[in-house]
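Same chain, two partners: chain A is paired with chain B first, then with chain C.
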Partner chain A sequence: MSGNSTVVGGRPLDEVIRRIIADVLVIAPDAVQPGKALVQDLGAESIDFLDLVFQLEDALGFGVPYQRWQRYVAANYTGKDLAVVLTPEVIEAFAVEVMAEQALAAP
Partner chain B sequence: MRRALDRRVSAEAEGAAVAAAGLAAGAYAVSRSHSLGLGAAAVAPVGVRVGVDLVRIDRVTPRHAAAVLLPAEQEALAPEGAVDSALGWALKEAGAKAAGAPERLFPYGVIIERGPQGLGVRAVGRWFTAGWLTFGGVLCAWVREGGMPD
Partner chain C sequence: MRERVAVTGIGVVTPIGWGYDAFGEALRAGRSGVRRIGAFDCTGMQTQIAAQVDDSTGDLLSWVEPRKAAKLMSRSALFAVAAAGMARRHAGLSRDAVDPERFGVVVGAGGMGATDLDLLMAQAQATIDSARDGASGAWDIPTFVRIFTERTNPLAPLRGLPNLAAAHVAIQHDARGPNATITTACCAGTQAIGEGLRLIQRGDADIVLAGGTDAAVNPVSVLGFSLIGALSRRNDDPAGASRPFDRARDGFVIGEGAGFVVLERESFARARQARVLAELAGYGATCDAYRITDERPDAAGATRAIELTLRDAGLTPAEVDYINAHGTGTRMNDVTETLAIKRSLGAHAAGVPVSSTKSMIGHLLAAAGAVELAATVIGMTEGFLPPTINLGEADEECDLDYVPNVARTAKPAAALSTSFGFGGQNACLGIRRW
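After this line comes the complex of A and B, so read on.
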């Protein structure tokens, strides 16, 4: 999706994110395309975002508190229509950010 | 397509709620929710804050509950048995909507408490009485400003 080279569990991060979104929303991975709004286009509900965080946590192998996702959304998307702006790229950017934090925090 | 269906069922629920409450068209407070092609609406006279949420009961697992409910809230909800997790989720969502800032207040800006009259929620310094019902594996919870504490 982003073309970056981040790898998780031997797979490109964008592919991991696409699979997670497809699993949570119970849709085909091919339906998860760049720019697709998770709510408006793919039918995500609020509880699905908690599941996205859980699955991200499982994929990355470290804890990602739900509040961290909320802070990320508040910092970047306050005042915007979340039904439209939250796309796979946003989830991927969030994953990159928490991975960077985790790397910095690691001893 | 799904969004269109959600909008339609929510609007239908709102119309039914307004008619049932005998409120004048265009002069009421409203909160709407939708899930799985079902819609719900809570209405009240202008100036009274209300919130509503619909959730499939089996969709809210103990892991979800642990992520959004404080230990004291889990304790307050425990008497509700099998629906405690779904009810906790839905009351938080309904409370956050009623308080006017769902994205900012859900989940920790809304606190669920059990008082002498039953469950209620507290948010933005206000108290809300709570109600809920279940049907076909779905739970609908609502809150209305007022009530608590005693």
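After this line comes the complex of A and C, so read on.
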């Protein structure tokens, strides 16, 4: 997807994100394409982001509080139409950010 | 002159069949849906039998649109959505045939404790782990919080809200009218349909999807009823365990499922040339205000619910051709109910066939009254009385005609369906041929 070479559990991060989004939204993984807005294009509603962050935690193997996602959105997308701007790449970038934080925090 | 209210569609998910045709055929055949519990390991439980829905009977998820909505559905909510969908299809009610704001939903729901087996297991495991990990071996709540938060998808507890069945039905049907959930346990389904009748009579809706749902075949609910001695322990003979009015009865059998009817204002039904199954003619509801698990020995509350229904439906006792009883198969209910029928119908009681479909499908709790109303209408429309199976020798205090063991050909012009709940709540519906 993004070409990002980060690996999670032996699989490329972008593939992991695609599978999580597909599972959360009950759509085919193929439907999760770059640039597709989760809300506007793929049918996500607010509660789905809770599910998504929970599944991301599972995949990454460390706690990711929902508030962390909310802070990320507030920091990067305040004033934007979230229904339009939240795409799989945004989820991936969030995952990269929290993984970097986790790597710094771990001894 | 009050406009009549028609029953124009029926949908059911039951342990003996899904939908009008299959359920009706199974009722006529006197089939039992009671088996050894398969949903979980019931080893060591005093009651190891239940009337479960066989998921392979059909595709419940095919009734959910979009499929994604099922993520927020407990098993009982999914039953409700499927049964409501079947009822609407049976009524031949197209999408654009209803003004959403005139379309109401009333659902009997909210069984004992959580009904989502996965959530129950997650909670149990987190509690066990926190007690083990904590220093004292007692329930260490801070540790439980950590473990539960790590493991539990936030959507899971949300599924347990009792009002979600009615919410999901409304979303599926774009029903923006009055929406209510009734939680009077064993009589919730009957009350939900009665309140649906009132919605239309009050002018608050033209169409109502009314019914009940429950999916209590899980360890906590089964134990809950088992511990108070309400359940049959006839584990070696599951199909014979639910024996309403029989001398050897020893309690009820828990069942799961859902039943829905489409209720329609007469003028609305006529305008769209609906096929009408029956008239929902009357409703009566009372409370014993006596005890939580004992009924009044004089059956006063139950008697009055029946009398109120007769009056509401404009029926005399002589006109009642059939009663679908609450008939749980507990020592107490069957005697008290027999007394209530005698007190309310007087001399006519001896000549009125009374049967308990719980003998076949078990006790569907909040869904019972709705599924039993459906059975009553099916019988009236198809020309038979469902039997009370497993009636070997009637209790000496139960001396009415209970339609023993075999369905009977008959064309009832008017019938009653009774339900009595833990807590002393009594409800009854009156149905007339259209």
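We adopt the following convention: the second predicted complex is superposed on the first by the 107 of 107 C-alpha atoms of A that agree within 3 Å, B and C clash if a C-alpha of one lies under 4 Å from a C-alpha of the other, contacts with A are read in each partner's own complex, and residues count from 1 in each chain.
What we mean here is this: a contact is a pair of C-beta atoms (placed from the backbone, for glycine too) under 8 Å apart; a residue touches a chain by one contact, two chains touch by 3 or more.
Since the model is a prediction, treat every value here as computed from it, not as a measurement.
**Student:** Is A:V26 in contact with chain B, with chain C, with both, or with neither (first, second, both, neither)?
**Tutor:** second
**Student:** Per the contact definition in the header, classify A:E89: touching chain B only (first), chain C only (second), both, or neither.
**Tutor:** Once the two structures are laid over each other on A, A:E89 reaches no partner at all.
**Student:** Figure out whether A:G63 sits in contact with chain B (first) or chain C (second), or with both, or with neither.
**Tutor:** In the superposed model, A:G63 contacts chain C only, not chain B.
**Student:** Have a look and say if chain B or chain C is in touch with more residues of chain A.
**Tutor:** After superposition, B is the partner touching more of chain A.
**Student:** Between chain B (first) and chain C (second), which, if any, makes contact with A:F54: first, second, both or neither?
**Tutor:** A:F54 sits against chain B and chain C alike.
**Student:** So chain A touches chain B in one structure and chain C in the other; where do those two contact lists coincide?
**Tutor:** In the superposed arrangement, which is not itself an observed complex, chain A uses residues 43, 47, 50-51, 54, 66 for both chain B and chain C.
**Student:** What does chain A use to touch chain B in their complex?
**Tutor:** By the definition above, chain A touches chain B via 40, 43, 45-47, 50-51, 53-54, 65-67, 70, 73-74, 78, 82-83.
**Student:** Which stretch or stretches of chain B touch chain A in the complex?
**Tutor:** Those residues of chain B that touch chain A are 2-3, 35, 55, 59-60, 63-64, 67-68, 89, 93, 103-104, 106-108.
**Student:** What part of chain A is in contact with chain C in the complex they form?
**Tutor:** Residues in contact with chain C: 25-27, 43, 47, 50-51, 54-55, 57, 63, 66.
**Student:** Applying the document's contact rule, which stretches of chain C touch chain A when the two form their complex?
**Tutor:** 66-68, 70-72, 150, 153-155, 158
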